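Once you've had a glance at the structure underneath, I'll fire off some questions.
The chains carry the letters A, B, C, D and E, assigned in the order they are written, with residues numbered from 1 in each.
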Amino acid sequence: MENYANNYVVVAVFIVLGILLPVVALTVGRLLRPNKPNALKQTTYESGNEPVGEGQVRFNIRYYLFALMFVIFDVETVFLYPWAVAYNKLGLFVLVEMLIFAGMLLIGLLYAWKKKVLKWNSV
Amino acid sequence: MSILNDIPILSFILFSPLLGVIVLLALPQHRSNWLKKTVVIATLIPLILSFWLYAEYDKQQGGAAFDERQSWAEIPLNKETQAAGLSEFKFAFQYELGVDGLSIPLLLLTTLVSAMASLAAIQVKKRWKSFFIWFLLLEMGILGVFLARDLFLFFILFEVTLIAMYFLIGIWGYFNRERAANQFLIYNGIGSAIMLTAFVILVNTAGFRIDQIGDQVSFIYSGSYMDIFSNLSNPEAWVNLAPEQIGTINPFLMSDTMQWTLFIMLLVAFGIKLPIFPFHTWMLKVHTEAPTSIVMIHSGLLLKMGAYGLLRFGLLLFPEQARAFAIPLAVFGVINLLYGALLALRQQELKLVLAYSSISHMGIVLIGLAAMNELGLQGAVFQLVSHGLVSALLFLIVGSIYERTGTTELGELGGLARSMPFISGVLLTAGLASLGLPGLSGFVGEFLSLLGLFETQRWLTAAAVLGIILTAVYMLRAVLKITFGPQRDDYAALKDARLIEAVPMIVLLAFILLLGCFPSVLTDTVQLGMDGLLDQLLATRAGG
Amino acid sequence: MLPSYLTMAAILFCIGLYGALVKRNAVVVLLSLELMLNAVNLNLIAFSKYGVVPSLTGQIFSLFTITVAAAEAAIGVAILIALFRMRGTVNVDEFDKMRR
Amino acid sequence: MQSWLNQPLTWGSALVLFLWALVFLFIVLGFVTYAIYFERKVIGWMQLRIGPNRVGPFGMLQTVADIFKLLIKEDTIPRKADRALFILAPVLAYIPAFSVLAVLPYTQNLYFADLNVGLLYYVALSGISTLAIVLGGWASNNKYALLGGMRSAAQMISYEVPLVISVVGVILLSGSLNLRDIVAAQSGGWFWDWNFIPQIIGFIIFIIAAVSELNRTPFDLPEAESELVAGYHVEYSGFRFAFFMLSEYVYVYAIAALTTVLFLGGWHAPAPFLAFVPGIIWFLLKFAFIVFFLFWIRATLPRIRVDQLMGLGWKVLLPLSLLNVFLTAIYLELFIKN
Amino acid sequence: MYEGVSFVPLTWTDMLYLAPEFLLAAVFIVLVLLDLLLPKRITRQTIGWLTLAGIAASLLLVLLRMLDMNEGGVSSEAIRLLANSYRIDDFASLLKIVFLTGTGLIVLLALGSIRDDEAITDRAEYYYMLLPALIGAMMMTSSGNLVTLYIGLELLSLTSYVLVGMRRKSGLSAEAAFKYVVTGGISSAMILFGMSYLYGITGSVDLGSIAAALPDALVDFKALAYVGFFFMIAGFGIKIAAAPFHAWAPDVYQGAPTPISAFLAVIAKGAALAAVFRIFYSTLLMLQDENAIVSKDIWLALLVLAAAAMLVGATAALRQKNTKRLLALSGVANAGYMLVPIGISLSVVHSSNFSEFIYYLIAYLFMTIGAFAVVSTVSRSSGNEELKSFAGMYYRAPWTAAAMVVFVLSLSGLPVSGGFFGKLFILLGAANAKAYWLVGVIVLSSVISYYFYFGFVRQMFMRSGSEQGEIRVKAETGIVIWACAAATLALGLFPGPVMEWINAIFSLQSDLMINN
């Protein structure tokens, strides 16, 4: 395929369309819909009561811990994918290597498990 | 000559204090009597050995003797030297000791003053054990400085004295001991840093030796004093000797600028130790704050290290520069002499009087050096030894007085001659020796130095003589104020010297008298040690 | 093509460095670090494709960089969480309990 | 399609491409419209209700009417919201949802972009939508929205890991990230050559994780209306809300197509004697089944608790997916290689 | 478009060559699992001792390998693994021995001090986390390839971040860790940025290939090469805490647990220096003719960095009252000293840079770890880390005070100590390379440093502290202190054997230079 880059043109077209649709739709919507804001309408929804305190409250720090776990394991896949693609061309050794690699990560998971990172106390 | 040549006598002398240290470490802390005996014995051993050495030293032949050399560490500078055709190209650190006519008198002085100081040291009030350990280490350092024939060994032992002094002043000193110790450390630290820099450069430019055995050519850098001396004094020699292979390595001979720089650096480095006028403040603090035995050593020996270094490294290695610098040097000497004397005149504190007198006397040493002739140099060395004895004695007495009266203020002392006739008598004699009364050692040194300078710098000599007169004034003022005059009532009951104090006083006094009456004991040795230098100085004078 | 990539990477790197040194919010500081590392990735991949001697090595290197950056971010955030629990703030200016 | 892609690119061909993509966009929008209709209908039937039946024949215009309603409804932005981010969030949710469709192949010859890294592209872009949800939750400046957004983020990233790892087995078998190659690798003729049997563990994990990624029941905690009102889009109204909904259903489309491609043999017939039926039909059948399956479980299963959700993701699915990878690798090592 | 990248897997013999590293990794994993699975009632000191055993075994393996390679005193060719990306040569082995010994001492120190540190919650981690850091340091010494080097660097850095923050209940520790993460991150980014340019102009990450390609690359891309090298210098400057990149060091050392501060001061710094040594020597030495100016500039930059580190470290330490901050700044100055043999480059008359470097590193290892050990003992008894807590130590622990005197002398470069000879060797090297200005700077900074180093002596011997009573020294800490003091003295009295041994086995051609 000498014009492989064309495939990315297609991708670009999709992305452009992805942007265009909301833009067009929201613009059209603006022309069609009424716009009569008042203070009551613009308050934040809190089951009908007056909102109490800050809206952007502090949330449980566990979310961050999960984010950390995600970062580590998601990056693992960065290595898993090329490994998987090339696996058939490579020797037994890469399997061992990947076993070690994944094993390390599993130990990490075990560690997190034992340290109660995975335990979700109510939010 | 004798059996001394077969045994490493110099190492014995150098390490005998260390032996004492080891014994001390093994002894329990509370057995103070044992500790005291150990320290005295440990200082007596080198004393005896050094006198034996002096007796065996061939005064007719002179020059360096009893050389000892051991390799210590080596760094190959470039292992891939085949290209340069060398079989060896390395940096050698060596342990090298030796004595000559210049160092023997100072060695004797060291062992003597240390032994006497050790007697004074046993009066120390606290933490005996560690005091004695540091004391012996200090002695070892000083011995090493006079014995070392390798620049780095010299430096190491020089630093040992620095560290030991720091502890001795800082822990056992008087009220302001910490500041004194700090100032001592920083001033001398700067001095030794400059010295080290100079040494390193010196070694890298002149400290090499080329050995050729058959095809095997080895090129060795080392701190050996003799190598540096011969390379510097005969700069063309190695070029003729050197095999062709050396060409690529090309050790450059020192340029004129480099020689001057090194000379000035050495001058400053040892000038701080000496001390030369603007660098003297630390020394006053040390004199007033350090305990008696340490001041004895400091004033009697450590200042001599500065003069010795100046002589050995400044003058002997760079005679040309030294000659050219003679006048400024003499000016510094006269300034030291006059400044010390004038300030001593105004002091109300006995220790400060003596401290300034040391500055003043070191001025005489400088004057002797600056004369650049036989008389002057002999005078300088003689003055070194003499001042070593005299000031050690004076500070010993000051210590005794302070111990009894609790003060060294001139205003509070007086009439001690009545209650302490012996101490007062010794004090008077020492004072007279210090001001240069003929018949006592001080006279010879001053006389020779001034005579030497008179040959070259008449006007400066005249100014210096003024200083000598001032010396008489301040010394008599202080001594007479203490010994005679009205006595305070509470001093009437004071006891005279105990045996342990009297012994060092008498010994020191005896040597002062001996040197005063028979100066040739010392001057002969010194003269032989100086021959080489004198030849060079004269050659330079003839050439330039 | 190469110069524009390099310029872009350099700009990113500088922004990152600026952010890491100047910003007061600790999270922003950590993000700035990531920005710097991504600038490096951009460089590596640009060189790998358009460099004087194109080679795959650059891309492989950037894989490693990405991983390490992730680990670094994880550790950074973990430490920040510990610090936040202790101090209750993520303002870098307030992390000054060390005696000068 | 292939012939076009091989031609040198001109403005003309780019325009044609654009028009095709536009057509496709409308197809997708049509799918979404009727997927919603069918969802309501199917769930209605399953729960013994009738479902929408008023607007148009059999209520078929119900969704269309809803769309118009949303379009002409007033759109309020709360005063305390972060205006720029509030506006950006739904758009950001939609863009990746639509963009991932570019790489999905339908038959041997019917596809848009043929990327060598197609699967990676899908995985990478779909990750962005998490951002949009967090952003929407944060920008609303509302407690429910924020909590919903955070929950959603936690859930999506937790399940993204097993999702991504579960397809490694498929990649191992096909040795490629190109979706067409992956389908080609399943062309044994019989349905047991499709990946879902050799990769049964991966398949199950993929389905579970995919449902979770879609934030659909039983994993619809981010918008759990009984706890969090509506989760991250509680403050959204009008067409902005519609875009969140739209992207969710576009993802349904994408996931269904992807599952078909990865595990169900794409356009291949289940048996050689059925190969006369065109590939596109097979594809659509499988696709439709997956979509139906998604509706089905929504009607059947209750929502699970948040700690169960997280525990399932990290403690069960992740180790299992890694196990699957290595089982596959060992299988390949022992039986296929050499 | 791309050149073929051949894949070279490890063979079983290769694995054997890597045994020291693998062993440590295995011990690490086993210890992690043990910690997770062992019941709470079993004391975590056991894990500390196991860590120590692992390090000792690894040290033994390194020694065996080294003896094997230098049989008969002849240095054999380096062992190259994985397409020359990992090298086992005497450069690496010597440094590995240093690092392993240092870490062993640090583990001992940790064993002695941990029980009193209430702020540390994860006792086992405190020990076993040292292992990956150590592996990282070992990788850095062995790497012949920028990627391997970077991985090693990050392995070391990342674990160090965690170790610094190990005192979980202390705000200072977390703060220190955060600062370390940020500065460490900036430094890695800078190093990487520099590496990316180096890769860009030469098309390779292999040090040997870079060296080969650099002369051609310099024709067109001199500016990029400069940028690359300078970024790397800046990045490594941060890692080795050389001024002006040292600001983090005092804070981090202060907040970290004391053994970890020692680890950062010795192993982390040493590894970064080793990396600088390897990278710059392999890539720059072969430049000739008109390109030599480039290498000259870069050597000069290193020397300026060294000079700045020495002076700034020494002057900044003058005002410090906190012992750990003081030792941190002393580390800054020492980093400067160790940069000198690297920066003066080789010449016909001087090529003993490595032996100077490693001798000083060894001396630095013992004196710094020893000093930190004393600090940990004293701060344990007084509850703070102020210099004042040393007051009156002569009365409270005379022998420990004596050991501290040895360390102080060595740190300030006074005889008779390892530090003196280390500094003297470096000084002579600098003088031999005719860098007299550097000689001046070295000496000057040493003199400045007397003042603050002797501050310890002042406090210990000349002041009397508010606290009385003997300071009890834990047996483990005592072993560290005495081993370090003995080693420091021995290095000062008999520098010959060590130096000659290093010189006998190290050869520039086969042990440092990387060529394909």
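As a convention for this text, a contact is a pair of C-beta atoms (placed from the backbone, for glycine too) under 8 Å apart; a residue touches a chain by one contact, two chains touch by 3 or more.
Just so you know, these numbers come straight off a predicted model, no measurement behind them.
Chemist: Please identify each chain that touches chain B as well as chain E.
Modeler: none
Chemist: Starting at chain B, find the fewest moves between touching chains needed to arrive at chain C.
Modeler: Each step joins two touching chains, and the minimum needed here is 2.
Chemist: Hey, what chains does chain A share as contacts with chain D?
Modeler: Both-contact set = empty.
Chemist: So which one's got more C-beta contacts, C-E or A-C?
Modeler: Contact tally favours C-E.
Chemist: Averaged over CA atoms, how far is the centre of chain D from the centre of chain E? Could you give it in whole Å?
Modeler: From the centre of chain D to the centre of chain E is 52 Å.
Chemist: Quick one: chain A and chain C, Cα centre-to-centre, how many Å?
Modeler: Distance between chain centres, rounded to whole Å: 20 Å.
Chemist: Between chain A and chain B, what is the gap in Å from one C-alpha centre to the other?
Modeler: Inter-chain centre distance comes to 80 Å.
Chemist: Express in whole angstrom the distance between the two chain centres, defined as the mean CA positions of chain A and chain E.
Modeler: Comparing mean C-alpha positions, chain E is 40 Å from chain A.
Chemist: Which positions in chain C are in touch with at least two other chains?
Modeler: Residues 71 of chain C touch two or more partner chains.
Chemist: Could you say which residues in chain A touch two or more other chains, in rising order?
Modeler: Chain A, residues with two or more chain partners: 67, 74.
Chemist: Between which chains is there touch?
Modeler: The set of touching chain pairs is A-C, A-D, A-E, B-E, C-E.
Chemist: So in the complex, the part of chain B that touches chain E is made up of which residues?
Modeler: 71-80, 84, 89, 91, 93, 127, 130, 152, 155-157, 159-160, 162-163, 166-167, 170-171, 177-178, 181-182, 185-186, 189-190, 193-194, 196-197, 200-201, 203-204, 221, 248-251
Chemist: So in the complex, which bits of chain A are touching chain E?
Modeler: It is residues 90-91, 93-94, 104, 107, 110-111, 114 of chain A that touch chain E.
Chemist: Across the complex, what residues on chain C touch chain A?
Modeler: Residue list for chain C touching chain A: 63, 66-67, 70-71, 73-74, 77-78, 81, 84-85.
Chemist: Under the definition above, what is the set of chain E residues touching chain A in their complex?
Modeler: Listed in rising order, the residues are 7, 9-10, 29, 32-33, 36.
Chemist: With touch defined as at the start, can you tell me which chain A residues reach chain C in the complex?
Modeler: Those residues of chain A that touch chain C are 61, 64-65, 67-68, 71-72, 74-75, 78-79, 82.
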